[in-house]
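As written, the chain order gives the labels A, B, C and D, with residue 1 at the start of each chain.
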């Protein structure tokens, strides 16, 4: 074969893999902070829709609303609400961390800030759980 | 008539500069390199743009080549060098005894220099050994020895050269006693194919002896490795040299955020089998600390063995220190009766352009062309152009 | 198309606003008046005009922040400029619809 | 000296396709790096392809994944990894040529809108006055253009249009030290949704950067500049 007849194949293009967002092979806490922020964000969007549908019972009068509330008043839903509070608090506090970083404040301390966010979220969730159960 | 086609074996500094020179002279050029470009001899560089001062006493031929090329490269490749100058410092009385010969050598070789007081040297390089007795400033510099060849290649590509990486020469194709091309293996697919050529140039650096053997000819090449040690921290801003006869560990080149101490020297037969001499790492630290005492505690980033492609003496070299750093172009037609095959060997990264000029002169003369060298003036494209998409 | 900075700044500002409004929302809902456990509690709660204004503001901020968040995730998937325009339009419609629905809900409860 | 098992990613279009891992057991010395091991392996198997040049982390050619993390093979000592098995794979998010070799073309394309000063003034040894003919001490940019940050970035993985950490860090350098370049134009180039506003501050780029360029921090710097508009009204230099 001569060079005129030979052609090296094109390189294999990288695939866009969404699984990478959620893969546990993170390199630093910043990667985890981002993953948690994204996960809690998605969870909160779904909760928002759920919240809207629960509140729609308000439009059907007091009885319907009361029935809906009673349906939700069991340990499973209370546990889910605790998880929801964890998500909300983390998303909010980490959002503040991201805002500070964008103002070039504490970028070098971003890991420490994550742990502060994490511990505060855990404590708040704990307090809420004790209060709610 | 179709333009003559030259195959250059080796994608290091020499092959890159040669491809650039030949394309400027209107030839078609294909560079074949068995690995990534600049992964062989060039890839183990010290990163020193020589002023020639290091060779000013013992190897004046090489020293003159260095200062001439140094000045040309500054013009054609701005941005590839840190123009920090170099400082030769005398620490001991023995170094001081070398000083007159050193200054005389600089004069003889036409290397511009300026003697500065030890106080001034210390003011400019606070980490320098305070025992400094004399200091001479010369136009050394730090070079990006990977990106400079990329700039040669990018400019050559712009003028039509083809660069084939991961393409290893398996056979040099002959018709009778004439070289007519190469048979290569593409390591991306492991397929082999032939590349026809009007002329083949062997620019294999430390490997050029092995490549010449494929054509049945002998090149007196002596791969001479040395250990280099890169440490974290930029301990000096100028290139620091010991003012004495070239010895071990007497240069510290600041490179980016690192400092590179070099080097030791011995000789081997096969450049693929350089065993790294572990004990030389400590040696480099010890010698480096004579120039910059604080470097003793610098954190090690990397240590590696680099093979200089020196032209051997027929008697066989002991350490490589006694061999000249100059280069030589072998036309195997007059030497070995093999037509269409040229080897360029020896030299240093600093003199790559000059080596290419001499070789290209031989190539065009052999091909019966009249095309002058233009690489002294043409300013090179940036290294990023090497990665530009080409259709 | 909005500039990258504007989108980001609005996402940040609505987020910042939410930290306060959500705190208020949760506090008012669960601690003031011992929680909104009945329909009448809700009606009484919303009858306070200040609360009503804050709740509508909260509704808007939460929807805006959520819509921008979903859009950011979709952008990260590497969609084309055309897809981005379609997506932005679709999300705007969804956001506005949900806002109107929320306002309608307040109105139904109060009347 | 210790025995280490190496799992090396192999791919050759048409020849080794789908990819596979080759396993080797080797005795490794304390000073040996992942690059040293690859060079040893290539002596026996010349078909193994990988990128490398300088052997001391100055050129940025030998970026690859070792045990799932982006590193420069030449400054990664095998025994320092502390694992019995060492997995070596090509960088992510770049086209794969063969084995561990990626095509860097898309990486450099991201620089095109920005341009980049290759030399900068050396900030080290400020007390050392440069000689008159030198003007000022110069050094190369810290960025090695190795592509590790691109491989580590979770956004680059799914959105090839994102400018990415390396180019944004280069842009930030222009803003910090303009050297005659048009700062306003560079800021405009990065002030887009595919520019510095796409980053989600995962800081994985800064985590893997082998030369402390801190691309994530540089992106945050760009944001601050764009949010406050300081540079345009005459900030640092």
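A few notes on this one:
As a working rule, contacts are C-beta pairs under 8 Å (C-beta built on N, C-alpha and C of every residue); 3 or more make two chains touch, one makes a residue touch a chain.
This one's a predicted model, so the numbers in the text were calculated from it and none came from an experiment.
By C-beta pair count, the most extensively touching chains are B-D. The most central chain, judged by the distance from its Cα centroid to the centroid of all protein Cα atoms shown, is D.
Rounded to whole angstrom, the centroid-to-centroid distance between chain B and chain C, based on C-alpha atoms, equals 65 Å.
Per-chain Cα centroids separate chain A from chain C by 17 Å.
If each chain is reduced to the centroid of its CA atoms, chain A and chain D end up 29 Å from each other.
For this pair, chain C with chain D, the centres built from the Cα atoms lie 40 Å apart.
The set of chain D residues touching two or more other chains comprises 13-14, 97, 158-160, 200, 223, 227.
Along chain A, residues 9, 16, 18, 21, 38, 98, 102 each make contact with two or more other chains.
Residues of chain B in contact with at least two other chains: 188-189. Shown here, the protein chains touch in an arrangement that is not a line, ring, star or fully connected set. The full set of touching chain pairs reads A-B, A-C, A-D, B-D, C-D.
Of all residues in chain A, those touching chain C in their complex are 16, 18, 21, 38, 41-42, 44-45, 48, 52, 55-56, 58-59, 61-62, 65-66, 69, 88, 92, 95-96, 98-99, 102.
Listed in rising order, the residues of chain B touching chain D in the complex are 34-39, 42-45, 47, 79-80, 82-85, 114, 116, 123-127, 137, 142, 144-147, 166, 168, 187-190, 228, 230, 234, 236-238, 254-258, 260, 272-273, 276, 278, 281, 301-304, 306, 382, 384, 387-389. Those residues of chain B that touch chain A in the complex are listed here as 30, 186, 188-189, 191-196.
Partner chain B is touched in their complex by these residues of chain A: 1-3, 5-6, 8-9. Those residues of chain D lying in contact with chain B across their complex are 12-15, 29, 31, 33, 36, 43, 46-47, 49-59, 61, 74-75, 97-98, 101, 104-105, 107-109, 111, 116, 118-119, 122, 124-125, 127-131, 134, 137-142, 144, 211-212.
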